[in-house]
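The structure's right below; bear with me while I get my questions together.
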Amino acid sequence: MKVKVSRKAHFNAAHRLYRPDWSFEKNNAVFGKCNNPNFHGHNYELVVSATGEIDPVTGFVIDIKVLKDLIKSEVEEAFDHKNLNVEVSEFKELNPTAENIAVVIWNKLRPHIAADKELEVTLYETPRNFVTYSGD
Amino acid sequence: MKVKVSRKAHFNAAHRLYRPDWSFEKNNAVFGKCNNPNFHGHNYELVVSATGEIDPVTGFVIDIKVLKDLIKSEVEEAFDHKNLNVEVSEFKELNPTAENIAVVIWNKLRPHIAADKELEVTLYETPRNFVTYSGD
Amino acid sequence: MKVKVSRKAHFNAAHRLYRPDWSFEKNNAVFGKCNNPNFHGHNYELVVSATGEIDPVTGFVIDIKVLKDLIKSEVEEAFDHKNLNVEVSEFKELNPTAENIAVVIWNKLRPHIAADKELEVTLYETPRNFVTYSGD
Amino acid sequence: MKVKVSRKAHFNAAHRLYRPDWSFEKNNAVFGKCNNPNFHGHNYELVVSATGEIDPVTGFVIDIKVLKDLIKSEVEEAFDHKNLNVEVSEFKELNPTAENIAVVIWNKLRPHIAADKELEVTLYETPRNFVTYSGD
Amino acid sequence: MKVKVSRKAHFNAAHRLYRPDWSFEKNNAVFGKCNNPNFHGHNYELVVSATGEIDPVTGFVIDIKVLKDLIKSEVEEAFDHKNLNVEVSEFKELNPTAENIAVVIWNKLRPHIAADKELEVTLYETPRNFVTYSGD
Amino acid sequence: MKVKVSRKAHFNAAHRLYRPDWSFEKNNAVFGKCNNPNFHGHNYELVVSATGEIDPVTGFVIDIKVLKDLIKSEVEEAFDHKNLNVEVSEFKELNPTAENIAVVIWNKLRPHIAADKELEVTLYETPRNFVTYSGD
């Protein structure tokens, strides 16, 4: 019996969407208000899901406290109250779009989740804009 | 790297569930209170998702502002503050159940989304009743 | 010790905002899309609050099951899946704005709540538009 | 046209996570605060989804009122305001983790949903912890 | 300039509503399913609000981190994953209705909030049932 | 009949909490992670409420479309996707705490709301931290 276990977490951060190899005008045309050079920010809501067989001994697919602590150490401590462009090494040369942030989070978590479990990350940039990445 | 990008939107409308070729009694037996000939209504919440490869140049699967404007022009302007049965041509001969509304929205959006992206529509008729259609 | 006890409920309905003694043009100028003669609709969320002393015997200000049943009999059965303009007598000559609906609900509930308790009604017409009436 | 139709429901219950064949210390090490022998509790939110073809006659995949009544008779009446460990037979020898509760609910509902429809159950133990089971 | 500052927190617990000096039948008549002798439970959501003047030096009415830590030490550590009737001394002889729990929380927090600030507690027993106490 | 009419809006922004006349260490001691010199950010949710008599002609206390447009022109256009410290003149010498932002928004809106109506502003910095200001 395969069950998907999900944990919701939260962090807030500043970011700017732009490419340094483009002119300001071109960045504005593509990224609009998100290109503000003084940054803007979001309360990111994050859902991390691990899918696998229920352990018949514990009744757990994964101990959700372990998942919670993993999100805290790998994501919240790295991103919360940070400027993603300036302070988070993964975005030094990668545009911190919601899509790219989700992929970065997935890559950070994947080594810590047992290989027989599938991993999925959903990231809400706002309550109305969100993305999902499953490693495909 | 394939990511699913979702945008949440909103419209409200009146509707009535019934078949004109059935008696009022038969419509009542099948559609209950939803068969009220004077109509009732809902705040519909709509989530539209496009799944595809991240463009390595922009970091976007799809510009969510483009998706937002597309939902506005194709769905909100056509359905918001409308009587679905009386004023929306797609429901002239199609019962506006949540299932059928979701299919109609999907069909309206599909031509405007690049063919290499998958499209999914989730429609909340109420916070407790919702449907999802992916074109299958 | 005075405590405010609140119960959230739900109904959906169709309505139209207009004055029959105004021209269609004037109604449009004032009520915009809400003047659609074919009606539109909402999922109304309703919060009813009674404030009073805690009964030291039961620990209740009011039995919330009683409050729930009262909202059901007085509001949900009268308004749910109805056309407010056409089918609800209170709006035969009263424009069913959120403000007026809240006042009507308050007036319907007030006789059923003990006189030593204050009554407040909050009505969400949409998740972003809501009104509160306390009988003042 | 296959559509997934979802209904959200609610029940609250007490439970305790532990294995009677383990020592209290071992149960504490694995289940932490959830091993409280005096029980703790949750407001469980439940989403039940049935996926199948739209019936061209009614426009329904499944009558959501039927689905609502089925959840009420099979799940709410069995679990609501109950102590899962003590009063629900399925958990007499099965640890009531969110994973196991979701599987039990799926097994209770499956015989009542037409065989050509897929069934999925999502159970929120808290707003931040939830699980999904599809019968795989 | 007086501002009300609010912090939302969470705990879950088991409880039973009854009076030991009443018969089981009388408790059932008054408390219904909540009188289950095996207990049931809830995810309680708690909003604690302090109202006072903005400190012109910091721009804070109260440091919300201090408020968060206070709720944690006084409420969450005392109530979370507990059986309120059996394990929380305040409810040894007090029926743990939402009203009474809110008053107990208010009394526990009041000594730790500066006397020139007003304190208010809102407790959600479920998303649809909640109470507010302000010390009046 | 006095009714409180509320409209919910949204903006996102970057900010930093600090006093330029304090050392970095002192700012860190008081403002913690919020003192990040590279900024962080939030999705601010804003509720603006006007309380007054129902106009018997329209059934409105205030046309909520007017209120929506006012919030857009006075708040969203000034704050959305901005760095509050760097780009919003009101915070050039005022620490952008939630308390101070709420007061600034209230002061910006007050001249545009009829004098016989009370005005209240609630600002959510995160879903768990929020403040309310009524001009007192």
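In this document, chain identifiers A, B, C, D, E and F correspond to the written order of the chains, with residue numbering beginning at 1 in each.
By our rule, a residue touches a chain if its C-beta (ideal position, glycine included) is under 8 Å from a C-beta of that chain, and two chains touch if they have at least 3 such contacts.
Worth saying up front: this structure is predicted, and the values here are computed from it rather than measured.
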Return the chains shared as contacts by chain D and chain F, ordered by label. A, E
With chain centres defined as mean CA positions, report which chain is farthest from chain F. D
State the pair with the higher C-beta contact count; candidates are C-F and A-F. A-F
Do chain D and chain E face each other with the same patch, meaning over half of the contact numbers show up on both, or with different patches? same
Could you state the distance in Å from the CA-based centre of chain A to that of chain C? 41
Using Cα averages as centroids, what's the distance between chain B and chain F in whole Å? 34
In whole angstrom, how far does the Cα centroid of chain A sit from the Cα centroid of chain B? 28
Which residue numbers or ranges of chain B touch two or more of the other chains? 127
Name the graph shape formed by the protein chains and their touching pairs; answer line, ring, star, complete or other. other
Every pair of chains that touch: which are they? A-B, A-D, A-F, B-C, B-D, C-E, C-F, D-E, E-F
For chain A, which residues are in contact with chain B within the complex? 17, 19, 30-32, 94-100, 102-103, 127-134, 136
Residues of chain A defined as touching chain F within the complex: 10, 12-15, 33-34, 36, 38-43, 80-83, 86-87, 126-127
Residue set of chain B touching chain A in the complex reads 1-9, 49, 54, 57-61, 63-65
